[in-house]
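Labels for the chains are A, B, C and D, by order of writing; each one numbers its residues from 1.
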Amino acid sequence: MNSDREGAARVSTPAQRKVAEIIFGTETFWGKWFDLILIGAIITSVMVIFLDSVPALHELHKKAYFELEWFFTVFFTIEYGTRIWCSPNRRKYVFSIWGVVDLLAILPTYVALFLPEAAPLLIVRLLRTIRIFRVLRLFKLMSHANRLGAELRKTLPILVVYFAAMLIITVIFGCIIYVLEGPNNGFNSIPSSIYWAIVTFTTVGYGDVVPITVAGRAVAAAGMLLGFLSIAVPTGIIAAAIMEKPRNRNGSSVGTSRNYEKNCRNCARAGHDKDADYCKFCGSPL
Amino acid sequence: MNSDREGAARVSTPAQRKVAEIIFGTETFWGKWFDLILIGAIITSVMVIFLDSVPALHELHKKAYFELEWFFTVFFTIEYGTRIWCSPNRRKYVFSIWGVVDLLAILPTYVALFLPEAAPLLIVRLLRTIRIFRVLRLFKLMSHANRLGAELRKTLPILVVYFAAMLIITVIFGCIIYVLEGPNNGFNSIPSSIYWAIVTFTTVGYGDVVPITVAGRAVAAAGMLLGFLSIAVPTGIIAAAIMEKPRNRNGSSVGTSRNYEKNCRNCARAGHDKDADYCKFCGSPL
Amino acid sequence: MNSDREGAARVSTPAQRKVAEIIFGTETFWGKWFDLILIGAIITSVMVIFLDSVPALHELHKKAYFELEWFFTVFFTIEYGTRIWCSPNRRKYVFSIWGVVDLLAILPTYVALFLPEAAPLLIVRLLRTIRIFRVLRLFKLMSHANRLGAELRKTLPILVVYFAAMLIITVIFGCIIYVLEGPNNGFNSIPSSIYWAIVTFTTVGYGDVVPITVAGRAVAAAGMLLGFLSIAVPTGIIAAAIMEKPRNRNGSSVGTSRNYEKNCRNCARAGHDKDADYCKFCGSPL
Amino acid sequence: MNSDREGAARVSTPAQRKVAEIIFGTETFWGKWFDLILIGAIITSVMVIFLDSVPALHELHKKAYFELEWFFTVFFTIEYGTRIWCSPNRRKYVFSIWGVVDLLAILPTYVALFLPEAAPLLIVRLLRTIRIFRVLRLFKLMSHANRLGAELRKTLPILVVYFAAMLIITVIFGCIIYVLEGPNNGFNSIPSSIYWAIVTFTTVGYGDVVPITVAGRAVAAAGMLLGFLSIAVPTGIIAAAIMEKPRNRNGSSVGTSRNYEKNCRNCARAGHDKDADYCKFCGSPL
């Protein structure tokens, strides 16, 4: 046990270790069951928030939704407490991304308790909506997504550059259309013209703001065709990245390959070296 | 003949076997002709239902459509009966997907007979529409699609994960826009905000629900650009899957390859091993 | 000279051969100049028809457009006559696709001469528009496109199957939405519901017909996500086809490769074997 | 130093060379800091123009925006002057694309000084908008984009041909819909019908112009499906181009590869041969 790492990693008791295996792990029998129950609870509680936000349903089942919400909040609070209790490195877990997400999933319900009856609607709305972020916890439970994500992360630098180049082009298109279409018709400021350019370039095409002059339509048509062709570039980059993988596997320069199946039991992050004994993100034993 | 398998596979008479070859097979001369006639009958009968659903045409040719519909129903009923009669494994055929589709293609017309004159419009509409599912039978007749489908099936697990990840992202986007845009303008509940997020993320962009605040438009633009880039990922995955194939063909690790040209004569499913003698789905001999 | 082939291929005089080299060929100095002039004439004449169709401009420059149109018609008529005169196989040329397109480019102007003053608008409109088909002649002048087209043609069978499968899926989606959305809101017949399904599935999303019920929106969202993922399949197929090419070039099984640079001087079709001396489509010498 | 090349490349003083290294170079410590400050100044000044174009904000902060604009104009003027002063080949820099962009970024503010109070709105708008072109300078600072651009440039000829073919197809679709939909409903001229065809073909789908007849909708649906499939072709071409790269790297026929990391200090263009000592675009030493 590496209790010297930042003084936070402690020696776990056998009970703590047993529970950690169930709660953080994904390989044991009970760990799999716990994950399934958790996924079910997250999806159900999010569904309740969805339905509660529909004005007509809110009026009808107000009380049921309120009780269900408290049931799930208590469930997630117990789970959050257990996670802290059995975590080999408590501070690391609490301040990790998933620790914050776990807290955000329960906090708003408690905060709402202290809210005055006449709280502004925006605050109520915000608190109710933040609870939905517990859907993010599903990402943690997708080990497959971790693997795909690791492949996609390699293409990130080039995609960011491409993204920036695309933004510059939409800015230019937005400005040209702003001059051509005049102040009428929704093109009354450069930001909203750029908004239109993004809507057009990504081939979304709402139709709420639309060019009506001949010159404006010609520029719009050029932008559409450019956007249409632009989809090809990130696709090519990502397809090339995904396809390169099997070639490397057969090649000789494999080195120490990563293990994406095994998640850390404390912080749930993957991508450790195959011969690693400790999590490289939070220092707890694998 | 494997009459021991579930007690359902019987010894076919020569006549039954001859007819089964024509009806289920796609390789003999008469089998090909039967398939062409069947395709023609399916497409024509679907066209009749299409035209019958147009109110103006329904008034004009009511009687002709009714008679044509009965002609096709009788034709498909005879075909369905013959299929059952000559099938080496009747129970398996009747409860297979294609058996159910074959039944659904004829059932509604008979059910409509027993419907009172004043039946609710929804039921009439539903019965009329279910008959269109006979168009699904065309899938069975596409052997090429079976092969492409077999390749695409390999990419299914990763695509389902990606699909789930995309849904989570649209939920988050829907919630952010729900808070930012307020109750006006179609964003009055979280489900309809998520509907908007899916419409935007997939670059469909109906324009029936559209953000009007500055913050809402900024979030919408971010969602569009993200959706625009997201098309690249499944494309890369599928392109990689399709391209990997020829490499394997030339390689040494071929093993027992599948035979996608030969469909089972009973359940019409393909993908059996090349050395298989019995269908692995319904147990009838190949 | 193969004058025995259908009795149509004649022995050309030296003058005819010289002119044929300029008009049908794309490699000699004068042949290139002739092509450039032809491209210019086609684009200019199409632009004139464009402008003539704008009501405001038609009123202003009626006479100028009329005279320009006759100038181009006479020019294309002389060119069409010369092509027939110098063609080694006249019948083949006249009845080839490009021969018909060449004729369609000039015929409407002559037909309009014999049209009564009070001709129905649709006929006038149709004649005016058919002349635009002369833009198709540009395809003949694109030798690069011929090469790309030859690669894409290999993927055609699988794409047709995919296309058919997509159509069946849109039919199913159209029918489900037809039942769910009821007769209101543009979903009043199955054909228009299928039209909506195609608009949604291809991510065009006009927004003229839009689901308003909860169930309809859920089905629509499923259709959008399916359509969004569907773009990936043809892309993968075509990308694989394009990428396979260089592998073959380095490989050993090259065989007699095709020559896409050299067009037939008579029918302008490419794709002959490298060692071919006669056009395989019309029999005239290469 | 090659003072003989066009008589423009001069012998730089040590001070000029030192400053040129900071201003044009991207590798030294101060060169990197200068680039970061420049990027910040460009983005901030563009943001100011954005906000200034919003009528409500313009009224509120008129004076602040005016002063900020002059601050940035003076900053960019000093930078422009310094660039000319320390450039080894002044004429080449001033008439290079980036030299013109640098000038366009400052000119409009000065021109606006001499503008009468009652200048037409279009001119004011145009001048204000041209200043946004300074965002183009960001392209120069993206060395990664240069590399991606070099790869994409190889696919340009085939993409231009594909682009032209797509334009011809949209022209044909526009004309067919023009005849079918008649003069009503926005299809009143061929150019606006072609605009609709481009909007549909690129899957943008504004919905401002929409077919209403059955025949028109059928043609529109065909155009959508064709456009949907068309995205696949450029994607395949670009993906093939990007993926070919690593194969060449391992191959033997590498030859003199290009150096995209090293930009010319005078004209900022990349892509010189690895053994080049002088910039091949402006003749200044590398």
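Structure notes:
Heads up, the rule we're going with is that contacts are C-beta pairs under 8 Å (C-beta built on N, C-alpha and C of every residue); 3 or more make two chains touch, one makes a residue touch a chain.
Treat the numbers as computed from the prediction; the structure is a model and nothing was measured.
Chain pairs B-D and A-D differ in how many C-beta pairs they share in contact, with the greater number at A-D. Both copies, subunit C and subunit D, contribute mostly unmatched positions to the interface they share, with under half of the numbers common to the two. Distance between subunit B and subunit D, defined via averaged C-alpha coordinates, is recorded as 46 Å. One simple way to say how far apart two chains are is to compare their mean CA positions; for subunit A and subunit D this gives 32 Å. Counting partner chains per residue, subunit D has residues 191, 203-207, 227, 231, 235, 237, 239-240, 243 touching two or more of them. Those residues of subunit B that touch subunit A in the shared complex are 157-158, 161-162, 164-165, 168, 171-172, 175-176, 178-179, 182, 188-191, 194, 200, 203-207, 210, 214, 217, 220-221, 224-225, 227-229, 231-233, 235-237, 239-240, 243-244. The touching residues of subunit C, counted against subunit D in their complex, run 46, 49-51, 53-55, 122, 125-126, 129, 132-133, 135-136, 138-139, 142, 144-145, 148, 152, 159, 163, 166-167, 191-192, 195, 198-199, 201-208, 227, 230-231, 234-235, 237-243, 246.
Those residues of subunit B lying in contact with subunit D across their complex are 203-207, 235, 239.
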